[in-house]
Each structure stands twice: as structure tokens, then as C-alpha cells.
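Just so it is clear, A, B, C and D label the chains in written order, and each chain counts residues from 1 on its own.
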Amino acid sequence: MKYLGIEPEVLKIAVFDFTGCEGCELQLANKEETVADFLKVLDVVNFREISSVEGDDYDIALIEGAVTRGDEITRLIQIRKQARLLVALGSCACFGGVNRLKNVLDLNKVNREVYGKDPKETLPARAIKEIVPVDLEIPGCPINKDELERIVQHLIWDIPFQFPVYPVCFECKQRYTTCIFELGQLCLGPITRGGCNAPCPAGGLGCYGCRGPAADPNYSEFFTIARERGYKKKELDEHFNFFGGFEGVG
Amino acid sequence: MLFKTLSKPEFRNLVDLLLGSTEVIAPKQIGVNNDGKPLHHYLPVQEFEEIDLEYEITEYSAKSYFLPFRENLSSCRFEDDDWTQEIHYRLQPRVLMGLHSCDINALLKLDKVLAGDRFPSPYFISRRRNTFIIGIDHYPCEGGFCQSVGADVVTHGFDLYLTDLGDRYFVAINSDHGYNVLMQVDAKDTTGQDNKDYLEARQRIASKFEPLNMHNLPNLMDIEFESEVWKRWGKKCLSCGSCTMVCPTCYCYGVDERVSMDGREGAKVKQLYSCNLLDFAAVAGGHNFRADRETRLKYRYYHQHRGFMETYEEPLCVGCNRCGRVCLAGINPPEIIRDLQTEDQV
Amino acid sequence: MTELLHPYDITQEADIMQPLDFNRRSRLKHVDRTFKSEIINIIRLTEMEKLFQVRILDDTARERFSFRPGQFVMVEVPGYGEIPISISSSPSHKGFIELCIRKAGLVTTILHKARRGAPIGIRGPFGTHFPIEKMRGCNILLIAGGLGLAPLRAPIFHVIENRSNFKDVHILYGTRQPSMLLFNYQYEEWDRIADIDLKVTVEHGDESWTGQVGMITDLLDEVDIAPKETYAIICGPPVMFKFVCNRLTKEGIQMNRMFVSLERRMHCGMGKCCRCNIGSTYTCLSGPVFDYWTVLNLKEAI
Amino acid sequence: MKLDLSVDVHHLTRVEGHGNIMVQVRDGKIQEARWDVVETPRYFEAILKGKHYTSAGLLTARICGICSFGHCLASLRATENAFGISIPERAAWLRLLAKHGETLQSHCLHLFFLAAPDFLNTSSVIPLLESHPEVVALALRLKGLGNRLCEVTGGRATHPVSLQVGGVTLMPEGLGSLRDELQHSLDDLAMAVELFHTFEIPDFVRETEFVSLKGENEYPFIGGRLISSDGVEHAEHEYLPMTNEYTDKNNTSKWCKLSRESFAVGALARFNNNHHLIHPQALDIASSFGLTPVCHNPFMNNIAQLVECVHVVHDSIRLIDKLLESDSEPTMVPVTPRAGEGVGAVEVPRGILYHSYKYDEKGNITKADCVIPTTQNNANIHYSLKDLVEQFAVQGMTDEKLELLCSMLVRAYDPCVSCSVH
């Protein structure tokens, strides 16, 4: 499809999964109205979850999942060498995601608990950027397909993409949602990066911050608000630690 | 202005007539908050029973029926490396009922900006002219200060305006549309008793207001431009924009464009934005003209209570205090204005 | 059931059906309608800037389109965005306009990719202009920093075309490096043919640079200013015009004889979106050209 | 007779998660035929400890992106059973509708995106965009419908937000038009049935024990008794004797067994055990494929999934009618945590799933256990692979053909590997 006198490039793309639920990958095949067109602008050379083609000739690598085992590190370094652009897809890849929750546990003990006499190899969960440089991070648990579509369109034209700087509250309001705080629950919306279109508050669930912090979040006021409303440290921590995007906050 | 009275059953007939012929938006209870207080929104209704005219205040103002949070300004069709632009305006009529005076006054203020003589906005005008407005009187709502900004009464900006007189409504008619619609039911001419009851009802309402000192506010804002007041309140702001979303007069926006995944269609989308958001005044190259929360918060108040005043001789604010109610950080106009008034007085 | 309310069709209003003319603001209602235009030529000026020659396709609209030096247009790349860009060509030139665009973000990057012949959209012109008619019979100082030369090209053309109306005309121009100088192919013409005193400086020279090295204010030292009969037009980054205007004030030029063009974020160009507000002054309506006195009175302006 | 074959599939494609197939045949004798799960473990059971009950459903949804609704529902049920809560009828309908949405979405994903390419001789669905656009369009319509059912009930298609302990928090919108869509989708399903009739399902039989929920009056999806085709029956909370998890040193997933060395769960197991409760139209379609209980061909799991798609569409229409009639009834009950234990068993697309939690009086989890369908299937996949190689490794078989057949067998189970290693 020609535009402005230019034929845009077809992106040679590969999708790799590390430790995660593969829900973000699944989003690539969701939003059925447009998925056929979405796949047409891409040349998918590697995408194990849905394709048996296993090519190595890709420019863009989408990485889903966190790193939690030695072999994943080797694989990741290999991919980084090949990829012109390495994209971390979803909260697990961007922050470690829910996998990070295990990092505070004694992994040996946990291993014995779960696997008894056959413990498995495992490392503390890490985000992709903790292992190799990442060019683009697309947070979300799962990622928002609309946003991904836009990002892909920007990649095709090689033009910069700007994530929203505003917090979730802004989009929450634009959906006429009644504030979760008003309903007596905790919500990380005021400090979490928007762009998800606030599905959680709209569905009656306080935001757990899967997209990580908004630009310039006002933590001190957020804690004041939470304290005034009687939320205890455990509850706050459970929210803040859930997706790993607020490491060190709290 | 013409006045009539309408018995409650006749009023119901009127609403039923409207419900039968057009879309009707009215205050509707959507639930209760944690303290058991009812929550209301302006929402499309299908039946008379859904309407709750006794509401205190809606969470969101009625502006989004004129300035939707998101609106397609134009669409584009791409073909053979060329495009054609298409523009559509909303043309269907609808009824918006149960508006309080603040919301109607807010529309009048928006008219000044959006329907005035400098680049009148067809998107707005089209929605405005296609909306039949029925207002209603009510007792002051908690925290509201509409009287102090002169927004507690309305003399125009509506088609019909109701005042509840117990068994009947006192109806002010402000348009031929309003008149024609009212004539579909059995509206009575007003009697001396009606007028007396009406004036008494208004008096009762007026007596319930607690005034807020707005004296000399525009100049005060200039004088207190560097004031600690802004630092104190600014520190609290979450830069979330909730206040501007619920505000009946905030109209700032951003425009961005998108292309459909098949590359065949594009849309120029207007999204209401907020001057409290971090990148409101940021420009390419990384410079941000209002990088601090404090300056952004101050700007919002400045625009409402000084800038608009300068241009139109009235504040942009209608005193509904929705922004104060929605703000998690508790930032609210009455307190800020009070602080500004007292800051340099010992 | 008969319809109680009847649709009001704004598209049937007389003034919405008239041809677009953004300079007759009071009548305009198709405010988001753009003039489809063609990029007829692209001239690469530097690494970051290109000059686009753009022609409105519709003949009548092109005929009617007129602007004054200092005004800007909203340039739309449908599907990708719309941005304010100053018109950089001569106001008397009818066939096409020139836009000098720096690659800065989304829309500008995609514009930089566009090929000759590409159809884009133009809305406008918008904003205030440099009151060049008032400057008749006087000296003019045109001071530009970096990309600030782009909006100054329109008044420069006007001066050249009406050279006898003005006394001494100086262009003082500065950039960071020699490679960033814009329109260097025209310096000869301005200097020799149009009898304009052109002074150029760069902050950091290189091996091949033989010209001046220094700040733009240094160039002012070399100009004899007759404050009573001099007007100044200044365009550049905010820090620059603050320095320059202070200096010129010291030289005795009246504040309302100095004109600056301000940059703000803009999404509509029509005094609606509020993004360009300074305090509550719309840069797109009351500006972008302001006299310095007004700027000083705008809180937050600089 | 000399017959040597070797298959070594590292990270099998078109399945969810990472697993390897390894087959070695020397001189006509099987040296090795293995299915190994090598997915990285995430220790969800350990992570859950100490978490508040409000987080449990959200957290466990992240076990799997494809059946996040199923995990969430099992989790909620476990918690509600522990607290002694029963949710309003309307909430139960909404949850079942959500469940149906997930079943439709997941089955269609598997049938068209993961399994069909094998039958159509391509590597993935992507070349089908060009060669068989109508098949892709059909697949997307059906899968999209499943996702919309999830969105309407759960707030979004993956990782639900409005399914919460005590009921459902979202007022569903647009049920009427969804009902129309469901009605129309029956035509699409008829087309899908036609398509699958053209596929050659390998003829392979292996006597298997099938485990599922036991339907009482309805084809079972959420809660109820547990049965096996070998005659074992237990109550919902007695899932442990029904699963008997054990570890294997080559696998990061555990394995399970019941009456034999392995058993199977999933669409085929549900159908085999509850065929009398499935919608008559679905049953007709089943017989048109020769799918009659008790079917012991694991490849027929694909057909059982297709049959279930028909069932859930019919049942969703029924549910929507009930929901439309009851739109003012509550969907949430207040929740008071208490100390206790609870189990939730839910039939997710790939089979029966159990969550079991122990709570302290504040509503924090002190012990958690999740038994995943694919965990239960892994041993069975492994052993049927052996049998398959035994039956098919004959003269004339090439490595490539055997590799395809083995891969197809594993895919037929629709394994959710990352789930099984949670």
C-alpha cells in the first residue's frame, strides 16, 4: 500500500516466548476484525506458538516473558545479536511480571515444596532489559492490541511512537467509570501509565499497575491518599509488587 | 419569557411523548458509593421510571453530549497513494433533561468559545442545535458555589426550565421549540398563586447558599502568581486530569490521527485533554512550557478565573465543584480560592 | 407518532457551503476541512531540515489563498497528524508556498520521508503577522537563531520585493554549527542583489568555516542602530530572544517595535484546543507574532 | 527387516509452551519415544501463599493466557467454597457464559490455528490467509465471537477483571446483539464441520481412561462430582485421589495417574463421559464424524472440540435468554473471609482443572495447589506417543512423516504446556 509516494517496508518479525503465560503472544492473534490485515503487514519468520516456520532472518524480535533460567539467557543473547530492534512485549518481559513475586522467596525451599525430590533449575525472575539492551518496551498484562497495532504501524514507517504520559485515571474518566476508591477499594490508577483504556476499573477492579508507572507519578500524594483511606502496607505492597513495574516503590 | 404550569401527570405525559419520538438523556442513578450515597450520571433512558430528577449532582457534567471525550473530526479514505477527506457532523436530535442551572450556564460559556464568531465549531454547534434542553431548579448541592460565580440562575440556554411546586411544575419557556413541545400536553396558564409559589420556591433555594468570597479574584490571581498557595496545592496534584474530565466547562483537547490496519482508512480524532497532564504544553525537542504540577494546576485556575474573565467578563467556572469532588487529592476550588484570599492577609 | 423534534442540518447553512477562506474567520464553519495540496518539490537544506514547496490543488482555493508574513498553516499528513508550520515563502507569490520543516517527531519525520507529488493537507493561514507595512521608511533588523530563519523568510522576501520602501535592512543569523545554516544558497542574493546587510555567526566553527564564531548578540555590536527609526523582528529559541530583546531595549528601541514569533504546542490553530495558551492568551489567535511589550505582559511567556 | 527412524523435535511448534518430542527406532525396535515438557517453572503455588483472596483469581489467571478465564473461575470457586459462599444464580449464568466464550475462543484457536495447518499441509495459518482466506475468515469470526463473550462478561478477552469472589461485577452490555451473532454463528459452525469432514483423521486407537466432571443435568463445566470412564468417582474436594500427581526428572511438568499408568482429560474425555447431556445438534455432528462414546482415538479430540463448540453456542443462547429476563437481579454477594479450605474444579478447554486453597481467618492464603489439565494429560501423551510409534513405525515410514504424525498427536491433545508448568 503506497502512501506519500513510498511503499512501506514489510517487517520481518520473530516472536519468542520466555517465562510467561503466552497471553501477550495470543493478543497478536486476537482482535479478530483486523488480525488478517495485521498479519499481512508483517513477515512472520518465527512464531512458535502459531507457526512451524523457524527462520532466523528477522529484523524485529518480540520477546514475551521474563528470564528465569540459564538457557533462556543464552537464547536471549543469541536473539539480541540477530535482531535490529528488540521489543519487550508485556509486563513479564518489561518488568518481570508476576514471575517476580517468587524472588522474595527462598527458591530452594520452594523448589522442594513443589517438586519434592526432583527440583528444577530456576533463577530469580528478571526483565529482558536486565539481560540485554531493549529498544522498545510495550507493557501490559496482557498488552493492549490496539496499542500494539499502532506501534506496528509506526514501526512500518519508522516513525517514533509516544506512549501516553497520563495515568490510568484519565482514560478511566473518559469511560464514565465510577472511581474504584469511591467504591471502597484500592486502585493504582493515579500513578500507573495509561493507554490500556482502563479496563480494570471499568470492570470493577482496582488497577494493579500492570503498565508500570506513569510519567512523573506523584507517589507521595498517592501514599497520602491510600493512608487516609486506611489501606495498610500489606495491601499496598500486594498491589505494587503484583506486576513488578513498581520495583522499589512502597 | 413565557411561563406555564404543568401538573405532574401531564409532565409524565410530556416525557413519554419525548421518549416515544427521540433519544432522551436524563439523570439516572447508577449505584451508590461506599458511604451509601447515590451516584448519578446523565444517561440515555428508555422509561420514565429510570429518570431521577431529585438527584443532587451527577458525577460527570452534561458537556460530553456536546464535547464527547473522543470524536472523529474527519475521516480519510486512502486509495492509490491519494486520499479524500470526509467530515460528518452529528445531526440527530435528542433531548437532554434534568440539567441544573450550573450545567446550562456551562453550555452558555462553551457557546462563547465554540460557537462564537472566531472559527465557530460546526461539531459543537450541530450538537448544540440538535439538543432540546429541559432544565430544573434544585437546592444547592453540597460543596457547590454556583451562586458565587453567578451560575445559580439561568435566563436562557434552555428550551424548558422546571421549578418543582409540589403537585406541579412551573415551566419557563425559552424557545419556540420549547413552546411547541409543551403544547403537545395540557400545560396551564400561570395564575397569581403559581407566580407566588414560584417566587417563594426560588427564595427558598436562594436562602440556602453559602457565599464564597470571590472578590477581586482576577487581580488577586496575578498578585498571588508566585504564591505558596500554588506550591502547597500543586504538590498534591496527581496530574491525572480527572477534574477537567468531569468539569462542565473545560474544553481543551488534543488531536491525533490514526490509520486502520488495512491502511485504507484514516481518522482524525479529537480527544478531550487536560491542562493538568504532563505533556499538555510540551513541544517537539523536549521543552515543556509547564513541566511542574504546580504550574499546570495554577494554569487551570488561571484560565478559569482570570483569563476567561478578561476575555468574556465572567469566569469559566460555574461552581458545581465536580472537580473538587472527583479529585482524589482533595484539590478543590473553594479551598484554593479561600487560601488565595487569605494568603497575604494577616 | 409524529416527530417532535426535527434535525437541524448544519451542513445546509449558507456560510458552510461557501468556499473556504481561513482569513475570513467569522464566517468559517468547515473548520477542519483542509486544502488538499501537492508537494511539488523538496529541497534538502541540512541534515535535519527540508524545504517543501507545496501547491494547493484546487484552482479557486489556490487563487483565494493569501497570507501575510509571519502567519502559519496547519500541515496535515492524513492518518498521521497535523502540525503548525510557518510559511516561509513570499506573500506575493501565488502558485505555491514554501515550508521549511525540521525533523523533530512523528509528523515531521514522515514528512521528511515523503516524495515529490505526495498529497498532503493544508489548513490556514492562521495567526498574526509581522506588521511590515508599519515599518515603511524605517530600518529593519531581522534577527534569527537556528530554525528561526524559516518564519523570517517571508518578511525578507517582502523587503526584497519592496526594497525601496525601507531604509537599512540587516539580517543577523546564528546557528550552532556551520552545517546547520539554512538557505545558505540565498545569502549571496540577499547580500549583493537586495542590498541587505547579512551577518552570520556560528557557536562552534569547523575547519572549513571562515566566518564569525560567537553568539548572535555579538553580531549586534557591529550594527549601528538608530533606535527611533528601527523595527526589529526576532525569531529563535526563547533564551535567544530574551537576550536579544533586552539588548535592543538597552539600545533604545521601543518594546512595541520589536516583534517576536512564539512557539507553542498547537492542535487546532483556531483558538479551541488551548494547547498554545500562555496564561489565557491563545498563541494561535493573538500570536504567534507578538510585540515584545505584550510578551512581557504575558505571564509564563518566556 | 531393518527399520531406523529418528525424530527429535525441540520446542514443538503450534502448541502453547515448550515441549520436546524424541523418538528413536533401531531395527524396528523402539529405543525411545518421549514427550518432555521443558517449560520454565514459575512456582505459582508458592507465590500464592500469603496473598489476599482478592488477588488469587487475578494471579492464577496469569498461569495461562489462553485459558485465563478458566483459571480465574476455578480460583474463585475454590475461594468461595473455602468461605462457604454461594454466588447468585445470575452470576453463575454469567460465569458459565464466560466459560463458554473461552471454550469457543480456545477451541477455535486450536482447531484452526494450531491443528488445521497439518491437515491443509501448511506450516501455519499465515499462508492460509492467501490460499484459504475463507477458512481464515471463518476461524476469525468464530474465535472473535468467543472473545466477545469473554469481554462482555469478564471485561476483556484475556485475564478477566470482573469475575471476582462473590460473583460478577460488570453489567453485561449488548447481550441482545450477541445473541443474534451466536445464532448466525451456527451457520459458520456448519461450514467448519464441512471443512473438518474433508480432513483425514489418523486412525489410531489406544485404550484410555477418561477423567472429567460428571454432569448431573447439564453438560458439565463448572463444579460437580468427578468421574473416570474406569468407574472411579469422587466429590469435587477429593481431587487428590483423582489426580495423584508425581514428578518426573525429565519434565518440569508433573505427571498424573489413576487406574492405569495414565489417563486423559479434555474435550474427548468430557464427551465420552457426558455425551448424553450434550446438545442434540452437537451429538448429531459427533456421529457424523463417527465420534461415538467411548472413543479411544486421541486424534478425535479435535472433533470433540468442534462438537463442543456447537454445544456452547447453543447453550450460550439459552444463557443469554435467561440473563435478559433477569437483568435487575444481583450478581454479587458480600464476601466475608473465614479460615477454611476449598476446592474448585472447572472444565477448561483442555480438561479438568483444580484449584485448592487453604485460608486463614483474614482471607490470606496459607496453602495452594493447582492441578492443570495438561499435567494430567502429559503421561498419557507420553504413552500414546509410544503406542503410536509402535503402530505406525512400519516399512516405508520416513522420519518426516513420523515426525508429523507424532507432532499431530501431541497437538491433538491441545497441550497447554506453560499451564502445566505453573
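Basically, contacts are C-beta pairs under 8 Å (C-beta built on N, C-alpha and C of every residue); 3 or more make two chains touch, one makes a residue touch a chain.
Everything numeric in this text was worked out from a predicted model, so none of it was measured.
Chain pair with the larger contact count among A-C and A-D is A-D, by C-beta pairs in contact. Centre-to-centre spacing of chain A and chain C amounts to 42 Å, using the average Cα coordinate of each chain.
Chain A and chain D have Cα centroids lying 25 Å from one another.
For this pair, chain B with chain D, the centres built from the Cα atoms lie 50 Å apart. Here the CA centre of chain C is 64 Å from the CA centre of chain D.
In chain B, 78, 81, 258-259 are the positions where the chain touches two or more neighbouring chains simultaneously.
Within chain D, no positions touching two or more other chains are listed.
In chain C, the residues that reach two or more other chains under the touch definition are 77, 79-80, 105, 118.
Chain pairs that touch one another, listed by label: A-B, A-C, A-D, B-C.
The touching residues of chain C, counted against chain A in their complex, run 77, 79-80, 105-106, 109-110, 113-118, 120. Per the touch definition, chain B reaches chain A in the complex via residues 30-31, 33-34, 39, 41, 59-60, 64, 69-70, 78, 80-81, 235-242, 245-246, 258-264, 271-272, 274, 277-279, 293, 326, 328-329.
Residues 1-11, 16, 25-26, 28-34, 36, 76-82, 104-105, 108, 118-119, 121, 263-265, 267-268, 270-275, 277-281, 285, 299-300 of chain C are the ones that touch chain B when the two sit in their complex. Considering their complex, residues 3-6, 154, 157-160, 162 of chain A touch chain C. Chain contact summary for the complex, chain A toward chain B: residues 1-5, 34, 37-38, 40-41, 149-150, 153, 165-167, 169-170, 172-174, 176, 178-179, 181-184, 189-191, 214-216, 218, 220-222, 224-225.
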